[in-house]
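For reference, chains read A, B, C, D and E in written order, and residue numbers begin at 1 within each chain.
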Amino acid sequence: MTVSDAVLTDPLQQQSAEQAEAIHVWNLHKRFGSLEVLKGVSMTARDGDVVALIGGSGSGKSTFLRCINFLENPTSGVIRINGEDIEMVSDGVGGQYPANRRQIERIRSRLGMVFQNFNLWQHMTLLQNVIEVPVHVLGVKRDEAIAVGEQLLERVGLSAKRDVYPAYLSGGQQQRGAIARALAIQPRVMLFDEPTSALDPELVGEVLKVIADLAKEGRTMLLVTHEMKFAREVASHVMYLHNGIVEEEGPPEDLFGSPKSERLKQFIRTVS
Amino acid sequence: MTVSDAVLTDPLQQQSAEQAEAIHVWNLHKRFGSLEVLKGVSMTARDGDVVALIGGSGSGKSTFLRCINFLENPTSGVIRINGEDIEMVSDGVGGQYPANRRQIERIRSRLGMVFQNFNLWQHMTLLQNVIEVPVHVLGVKRDEAIAVGEQLLERVGLSAKRDVYPAYLSGGQQQRGAIARALAIQPRVMLFDEPTSALDPELVGEVLKVIADLAKEGRTMLLVTHEMKFAREVASHVMYLHNGIVEEEGPPEDLFGSPKSERLKQFIRTVS
Amino acid sequence: MADVSIIPETLSQMLTLLSPSPPGWGGNLLRGLMHSLQIALGAFGMGLIIGTLGAYGKLYGSPLVRDLAGIYTTIVRAVPELVLILLLYYAGTDLINRILEMAGYQRIDISGLVAGIVVLGFVQGAYATEVLRGAIKAIPYGEIEAARAYGMSPILMMRRITLPSMLPYALPGLANLWLIATKDTALLAVVGFSELTLETRQAAGTTKAYFLFFMAAGVLYLLTTLFSNLIVGRIEKWARRGMPSVGEAG
Amino acid sequence: MSNLTVDTKIEIPLETFPIHKDADPDRPREWMQPHRIVLILIGLALVASAIFFLRWDWLPNYGGLILQGLWRTIWILCVTVFLGFLLAVPLGLAQAAGPAILAVPARWFCTIIRGTPLLLQLWLLYYGLGSLFPQYPWIRGSELWPYLRQAWPYAVLALTLSYAGYEGEVMRGAFAGVPKGQLEAARAFGMRRFTILRRIWLPQAIHRALPTLAGEAVLQLKSTPLVATITVVDLYSVASRIRQDTFITYEPLLLLAAGYLIITGIIVFLFRRLERLVPSRLG
Amino acid sequence: ETIKVGIAAEPYPPFASPDASGKWQGWEVDIAMALCEEAKLDCVITPVSWDGIIPALTTKKIDIITASMSITAEREKTIDFSDKYYNTPTVILGSKDIKMEPTPEGLKDRIIGVQVSTVHQVYVKKHFAGTAAEIKEYQTQDEANQDLAAGRIDATQADALALETFAATDAGKACCEIKGKVADDLEVLGPGVGVGLRKGDTALKEKMNAAIKGIRANGKYDEISKKYFNFDMYGG
């Protein structure tokens, strides 16, 4: 099944044309072997939206994020980034993969991603990590990239560590490095997978500010987080994922204020 | 300098003899090259104590924990575990290392540790990870170890993943696996390095309960955490580490209720 | 000693035999060494390229590519080089020439040197494929995913991330292959190219001073190895930057 | 109605299935895919044409010799690979993490073995060392002499050392390549050094090195013909013998290649099986 | 048209060996050139590794082979041979300390070494296998000689030439002595050494046969032989 077939049946199709849609996902399924992790997840984020993805451990949040930039090939479903449909072809054994590698690469180079386990490149110093993508993918001049990179490292408080290899950094320092690396490409869309898990409360506040600033600039943010306070304060939209489906979603006030689903009620009760 | 010299000057020496001391550290220094990470940290934890270590990212919390079981050799300082002095010999270039490897191994086998980045053994399934130490270090029978291991996995909600290799687990699942592995050896002393960083609020509550239970059984817990709520609720003693020294310490009520140091005040302000 | 027959009686006799210009054989040995190194360099380089392609094919290729790569590595490693060179250089050129003659063209002559390097490179490629496959598998998968997530094209990713990160894992195996390449050039003797092994055999067979010349060749190889070690050591040190050593802490 | 369905829906936790057994959804289940059938047909055609168009009349005369050679090749290969690997582990470990008094000799051993032709090593052992023994009457009179005057002990020794030299280098890299955190976790739980080696370090190192180790085993197979120079008759020397006797060029070599192919096939298969014991996630 | 004369690239003095400057010389080289001269052929000496010498012949990279190839019935199925151009007697060389005769009984319970794939190997197998303790196969005769000196074998069989050369060296004198000629067996030992030719290349074969007769008749053969040997190379 190519995308065009699927699009015909997509109810969100019509409205999306009018507004600048940054991410549009419809009916996403993903299975690993016999384990179905995502069972039909849909979402739409417009420019400047901050969508927070919350949910239990193992509920498929990371998988969802990874599907959006095709680190995992979704088993089925539609994904549209910046209004651009991504065509998929079937692999003949029940899965599918992107038809056009170039397209994926182009889209990815404008998507920033902060991984749950950071994934800094071990053979590069922190600064090299940060300037790698600007210089080698986006074609920014080296000097400029370094200038921007140093500024970013300054912003996350890592100037002193610019020439240190990731293996010699503390957990929080690695995470901040990963954030700087993602910011360096000035992405229109940012995917954050628990970007503050290793940070102390002070830094959490800092990162929160950075994200709010970015949203103001009109960038779109998709954010997996376990910090409900964080979700409540920055998000424009919250999705609660449970067992591979979106159990409930809406503006944070509604979701945290008057949850409808039993499961979510229970989830929120433990927090407060 | 051998330990016996140092001990003479240790002011905590006298009182320690009376009470069951689980961990006793005095004037610990650690430097990596030109970077002095710990600048004289002291602490004492008695049986059943839960000591929470809080502090900014890169302040040396993990390093302190790693020094306690000699994953890093402290540059200088005294460490006593379960009342047993650990003898150090100088390496001649300004550092020191444990004199008796067997002693270290014996002590370590009774210290549980949860690493900040989990460090589950990649070539073993989750269950194999959990039973590894009981079977191959403590000499527990395989069947018994498996029974206990399955119980522990049940407790952290990972029964279904017992035969899965760590690379195929979500972040939170890995962290829970690491906790189960540490619990499996029923340690007298537990070192937790941000054991809930990758967990959702519900699971954080669960782990909190587990830790409280363990403390009631008389086990000692040393806990690095960024969750102030966590520190406030479970800890019997909180230490605030800043720039390699203990800026302030005391019972959680005092520390969080009426912080004295400027730095700590600022730190706490951002949390609430 | 019982085996005096293979050791010339006097030191001066040995020196004459080893002197760099005729009637000494030293020059021949050195020339043979140079030839061997040239061949090895060519074959090893070709092997690296084939190996990289093969490893990628085996890891990321379609089922067909994977099977073809599997057949390549199994057969080319299994079949003795002698068979390959005989098939390519003699049977292969013969076949081409017969076809050419039938079509009314001139016979062509494939250079033995080129044929030899191609065969050795092909064989090296099969071993290198496996070494590199193992090394790529050893890279923490997250690092490659990160590269992919930032939109690197496969070539860029290979150049900037995969190859540098796998280097520490691949180097020992590749170093072994390089040393084997320097010694495997004996194959070229079959197509009439005089490299170190053949020169040694000729010197030894003619003068009957087997022991002397084999030791001399051994020393030349050993020097080559020491020099290679130096370079590989440098590269490895550089490749391991950022990797904490596994040595015992306490 | 809708309520009913919701209530009666039985929730089977999907996670009850261990996932590593079919973790790779890209891997088709059936072994017989179309392209494989084509490849097999091509292979059969090649074999058939070799049988029909080439000369095999000499085969019956050498049947016994060929089997004997094959057997000798196989046991020399197995024994030397096994012993060589046992030696390689300490050699690699000493270089990767040992104290200097162990690391330096290990390094030299590997350099010298890898730095000189195997033929020379074989010669030095057999004609050099081996011909010293007969000069001492007490050796000649001893129980060992019947073994020492034979060639195979020297062949086994030389090939074992050679394999150990190359493998020591590979294992050095493999030991050094195990992530530090994996060992730290083992240390933190009080494992003895030997237990760490046995349970964590060695398995992970070997797993990483398996593809290279398989290659080195095949290389060892290709080295076995050298034993013919010290009178051990292996498969290769049988093939050369047939070529000399009959002056037929290709057929004996093809037979040899077929023999090697079978052995290599088995090596590759076994190592692949070992590799698949533990799934490794590929980026 | 030039004729490429293949010789083995592995030296075999005094028949053919290169000097350090790469020039080939020896009895067989001289004979080959004499044959060419006699047959009025323009020849170039082309050394080819022994492993590739037969395919080189069949694929026309060389045209004739003068590399001490013994004529046997088995080999004649694959290539053609000219008439013999030399044949040396076959002898046994044995350890000085042991009394032995070059007969099956005389070699009872002895370990005999022999070069693999030679007529001698076949001979030893046929005549001595029944009585000898063991027969060891060597890749080259030099290696067999060396093991004889080292005491790993008791005797070796080869052509007189090779063994007498060795017996004359210091090592040879120290350990061994020629024990005598073995009984003749034309079926195994064959008529001797001939020029190897492509199958069906009868014109060249005729020319070679004629040339061999020619240099035997005009004294050239003996002239060359005298430079290297002090006995009759052509044999009976």
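Simple rule for what comes next: a residue touches a chain if its C-beta (ideal position, glycine included) is under 8 Å from a C-beta of that chain, and two chains touch if they have at least 3 such contacts.
Predicted model only: the values in this text are computed from it and were never measured.
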item: Distance-maximising chain from subunit B - centres being C-alpha averages; value: E
item: Centroid comparison with subunit A (C-alpha atoms), farthest chain; value: E
item: Most centrally placed chain - per-chain CA mean versus overall CA mean; value: D
item: Two chains sharing the most contacts, counting C-beta pairs only; value: C-D
item: Geometric centre distance via CA averages, subunit E-subunit D, whole Å; value: 40
item: Approximate Å spacing (C-alpha centroids) for the pair subunit A, subunit D; value: 46
item: Rounded Å distance between subunit A and subunit B, as computed from the means of their C-alpha atoms; value: 32
item: Contacts with 2+ other chains: residues of subunit D; value: 15, 19, 23, 28, 127, 131, 134, 180, 184, 187, 193, 249-250, 280-281
item: Shared interface positions of subunit C, touching two or more other chains; value: 2-3, 6, 82, 86, 90-91, 140-143, 145, 148, 210, 244, 249-250
item: Shared-contact residues (touching 2 or more other chains) in subunit E; value: 55, 58, 146, 149-151
item: Subunit D-touching residues of subunit C, taken from the complex the two chains share; value: 1-3, 6, 59, 63-64, 67-68, 71, 73-75, 77-83, 86-87, 90-91, 127, 130-131, 133-134, 136-145, 148, 168-169, 171-173, 175-176, 179-180, 183, 197, 210-211, 214-215, 217-218, 221-222, 224-226, 229, 240, 244-250
item: For the subunit B and subunit A complex, residues of the former touching the latter; value: 32, 54-58, 62-63, 116-117, 157, 168-173, 176, 194, 197-205, 226, 228, 266-267, 270-271
item: Contact footprint of subunit E on subunit C as seen in their complex; value: 2-6, 9, 21-25, 27-28, 82, 85-86, 89-91, 93-94, 97, 189-192, 198, 201-203, 205-206, 208, 210
item: Residue numbers on subunit D that touch subunit B, as the complex places them; value: 13, 15-16, 18-20, 23, 181-182, 184-193, 195, 199-200, 203-204, 207, 278-281
item: In the complex, subunit E residues that touch subunit C; value: 9-13, 17-22, 46-49, 51-52, 55-56, 58-59, 61, 142, 145-146, 149-151, 166, 169-172, 174-175
